[in-house]
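Paired with subunit B in one complex and with subunit C in the other, subunit A is shared by the two complexes that follow.
Moving on, here comes the complex of A and B:
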């Protein structure tokens, strides 16, 4: 019964997500391109880019929610996959600059000319071909996640240990990409892009196009994640999250299930990064900073882990909040972000969507069994309820 | 009685007179023979006279004559010779119209008599003329002064002079080296002198092949960079035997130097390891007992460092005389500040999150952001100066190793902290309870251990130790709001590598990572070295998911 109802609820939610995304995909370009600039309803290109950025963050949050919310794997290094996808896209965009660089070299990007390199390193070959670059956007994070996850899950590295080594992974990559001789532009990263698939990257139309593509990617990512968590495999993932040892004892190869979602999640993060780079116009090693990855985790926590739609909502909401706050009170942003971490984990452990779903579920249960002696929890006392559960878990 | 006393007095006077008359003869005789020990600097009228004659001829002499005169002056062995010659080379030996030679103690006076050392004041109104000196002469004078120092009665001056003669490798000093060698009593100075002689021999080829071979051997035994440089000059020697012998000596020295290099890096590694140990030890306790990852651990270190700064500022204002012990005062202060903050965090946040380690991780991360920003707001974003006490600054040489005092102190300090903590956990009641909770929380609770209290106090203890680490780190790192962040990942690596619930694991983990980091650095560079270590840990975790010193048994949660 409950499962049936849950499905019903999440379909409601999913429909809401799809419709919202569709409306955004139509409305944002419309108000940017069709409504004339003088009009009060005109949306500036800056806003389009900003919204596009939020959508990329939402996709990253979605990827995180898939592993954290449904499989209990807390990654503190998803920024690494995001940045690797971004670098793959950045390499394509660098190759597209061609002879228009400051040094005018037809093949080599400016920073290589500056470093006195004579020819393109082998790992830059092929990035002038768009399909190949797009393949790499998915493959590079995917392969790294596969190698890392294969080793980690096989030897049953779990919980905080896993979280810490994901953080070490992204930290190692941060250090590596800061080096000039890695061939990725050192600490300046890749920037000064000119065009993508022949379209001027600065033009309004391209920006709107990128926005639509991002929305499409987000919707596709959402559909993929929903398909995974709705399948039988998804049920096993939930079992792994809640009691991994028992699941293993039942005969499931839990490491393979984990590896599968882990790699899918990394690929999604890579796509998010790839869409992010042409819109912000730069990718540099600071994207690997462990702090970024942890910040992404709080998006999911705010929206509600294990709800997918919540991750999208959290990714967008927190970043809108950040944009506003860093503009208004920049020196207090870290206070606000820190407080967000503390308050959400303490007071809103289910996140926004999770809490809403929770009460709706309770409501339905109550209606279904009017005279049953359920633990009744008054909605106006959410704190005590959360605490009770914590104490139960702690004991 | 009275006449008796008078007689004795007159006899004594007579003896004294005789002695006074005899002394000049005696000393001039002694001068021809080489004294057995370092010269004890007898002053006598005759010597001064002799010296006076030589010095008074200096102003009017030609450069060639000056050179001879300087040699003769050095020969007199008068204790003022060194000052006269060094003033001469510095252009401070000056003469009046009457030919009196004076020394300018500073550029424009005051002056003193070159021979007697009588103070002459500023000598205003008297025209002085410099005793001129040229570069060749100056070089000779330097050599003369160094050679004089070789016969100084003070061993430390002789030691210094011996080193200088080695560095200069001037062939003219060979006779005085031989002379000094024959009467040198300190074995290390004699050794340096032999090496100096060897270097001169090799440089100038002044003796036969056999002597040169012996010289090569002497230098090979010295085995440092200077010896290597002296030997490298033989590469182009025509003598095949010599060249091969030198080449083998060079190889041997290079090998020795490599060993020293490794030793130096191991020392750096141990020093880095003890820093890591200090940073990680508190984390190991809290993680071991509660399974809680405290991401704000680095900020506890930072609080300790800032406490050190505040303590110094307060002492500077209130009791400057206590500045030399400010660090010792800071240790309990930092422990209380950071420990108090830790207990506060545990009571207000972490206790609500037990059983949910991932959420704890996020909440404490948020807390670390708040603490960083709070410190930045209060103290400003710039680095705060923390003064090192005298007994912690400086460095000394051990063989070819350079050992800085502050690093040695940190190694010692980290060992003390480790020992105290271990003893505390092993022998106190609270320590026993802590270990019980680490091994099996439910069982400990059933036996009447108040796990809540143990949690709070353990968290306070771990944070307090982090604060103490901050005191130590304030000596070698910048006291800035980001201080903690730079150690947090490394500390985690140490804990993960060393295993949880065992401080030996933390020690071994910290030292291994520290030494591995520093040994990799020369080959791979600092950044790549760090990456290699990180990758190594990631791979290591595959083999031993619970670290080097994992708890074993049924109570370990799978």
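Moving on, here comes the complex of A and C:
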């Protein structure tokens, strides 16, 4: 019977996430757009954007938790997929500037005019078409992840070695995107965006719209991850995490399973980056910085690895803390982050949600054993129903 | 030879495996017939586990050939492919999926599509549930079906792993020291279980426990320093002087 209850915990938690996101999606635009500016309850547009940014980070954390928490793949390079999604969106936004740039060129972005380029490089073609750009947001990180993962998993690179090469990947991209001749605006990146889908990117309404879309993307990402984790494939992932070679001897091609979640995760990270860029108004190579990817790992660890909801919570909480901390002591942020990581690892190894779930389970187990006398005289459940319940208990 | 090869289920010929010059297997040859159960004994380090590693694709031999069912060259396949051919393996140290329930351990092992998208959209059918229930009964874990595998006793883990082996529905089972750490009663039950399994499948079992091997009452092969020292009935090899010297008489 206890498993019946456990199933409910996981549902309660998911429901909590969906309800919270729904409330945010309604309340944030409401307090910004409807409540007048003079009112004490008015939410500034700055806050809307800041919250939107947190939601993007939460989606990145979710993507990371899918591979790290459920498949044991510790990526120290997820920032790369985030940034690539961001660049794809940035390229669309650059093309939307049109002739309104400083140099007034109808097609070429300012930085290309400045570099004396005469025509658009081939890889910029099509980015003025929104659906194409959105496809690239998912495809570019997805294809890179596929190529990278295919090679790494097939040659059975695991553990620390894998983590290190993901760091190398994001660092290599950092260096590449710094170069002016790459055609992505070099050091300055892409910025000075004007509008998105015809809406003024600076307007309050657009900001709220972007916030709502980000929440929707986060909710969809959460639903996708839950579906994966709750399926039989999700059970295989845990098996790979805990005993990969045993899983192989059962006949599973573990490299393909890893490749699958790895690519899904990279695509989610790309979407997070794409939503981030119009809200912060810029994308530059610093998004590839190895430290960013490591930060994302800390978010997941703080919230609770392998819980999905915990990743979202960690992504938001740590960034609230970061906003506050960098306001007060900007130079010390990396130390604070390190300290946070050490503290969580030592004191709260399951993370916030993980610890809460653990105690709830313990509590229910205790209660169940106290209820045992009752369970024994209670009529037995019809077989099928009981079995189905057992099935789902893992979900 | 060809005839013999095509009839035997497992055919190891002249297998050599060396680790940094040390020969863990030294020109080992072994034939297992369909439906046969074979016990393998030998002192520590004789190469018993390494032999299983070769058969299941974990280790590539430096020399020699390993054929399954007369036509599959095992030395050219990876672990997953070999498992799907119908060779199941139980490890010396019981390895089950600790963070899964007993039920889920069996579900994962159950013969079914092993493809990524097959498992993503799979749901457990009524016949699969029935199969799992039957397996639970066979390995005496019905009451523990919802327990986390991590919380099982050592003996229960051994059984769960045997259950997982059966769930794969293999033609050939390789069982490495199944009764290590079991009580006498559990050991006897395990012998009974293996004999039952052997009614429909071939089994190769590695074991140190001589009472257990006697219980199985099958042909015994003695390995020593990576090759076969002797084989025959337990009584026959017990009287072999070389065997007494290197193993039994320790």
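The definition used in the following text is that the second predicted complex is superposed on the first by the 361 of 395 C-alpha atoms of A that agree within 3 Å, B and C clash if a C-alpha of one lies under 4 Å from a C-alpha of the other, contacts with A are read in each partner's own complex, and residues count from 1 in each chain.
Keep this in mind: a residue touches a chain if its C-beta (ideal position, glycine included) is under 8 Å from a C-beta of that chain, and two chains touch if they have at least 3 such contacts.
All values derive from a computational prediction rather than experimental measurement.
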Output check: A:366 vs subunit B and subunit C. Expected answer is one of first, second, both, neither. What do you get? neither
Between subunit B (first) and subunit C (second), which does A:349 come into contact with in this model arrangement: first, second, both, or neither? first
Which partner does A:233 reach: the first (subunit B), the second (subunit C), both, or neither? second
Applying the document's definition of touch, where does A:245 land relative to subunit B and subunit C: first, second, both, or neither? both
Would you sort A:179 into first (subunit B), second (subunit C), both or neither based on which partner it touches? first
Using the superposition described at the top, determine whether subunit B or subunit C touches more residues of subunit A. B
Determine, under the contact definition given at the top, whether A:337 touches first (subunit B), second (subunit C), both, or neither. first
Using the superposition on chain A described above, determine whether A:154 touches subunit B (first), subunit C (second), both, or neither. first
So, A:100: does it touch subunit B (first), subunit C (second), both, or neither? neither
Please identify the positions on subunit A that touch both subunit B and subunit C, taking each partner from its own complex. 245, 387, 390, 393-394
Looking at the complex, which residues from subunit B come into contact with subunit A? 291, 293, 349, 352-363, 365-374, 377, 489, 492-493, 496, 527-528, 530-531, 534-535, 537-539, 541-543, 545-546, 558
Subunit A residues within the subunit B interface of the complex: 68, 72, 74, 76, 148, 151-152, 154-157, 159-161, 163-165, 167-169, 171-172, 175-176, 178-179, 245, 290, 294, 297-298, 301, 331-332, 334-335, 337-342, 344-346, 349, 387, 390, 393-395
Per the touch rule above, subunit A residues touching subunit C in the complex are 3, 228, 231-233, 235-236, 238-239, 242-243, 245-254, 256-257, 260, 387, 390-391, 393-394
Going by the contact rule at the top, pick out the subunit C residues touching subunit A in the complex. 56, 58, 78-80, 83-84, 88-89, 91, 95-101, 103-104, 107-109, 114-116, 119-124, 129, 145-146, 164, 168
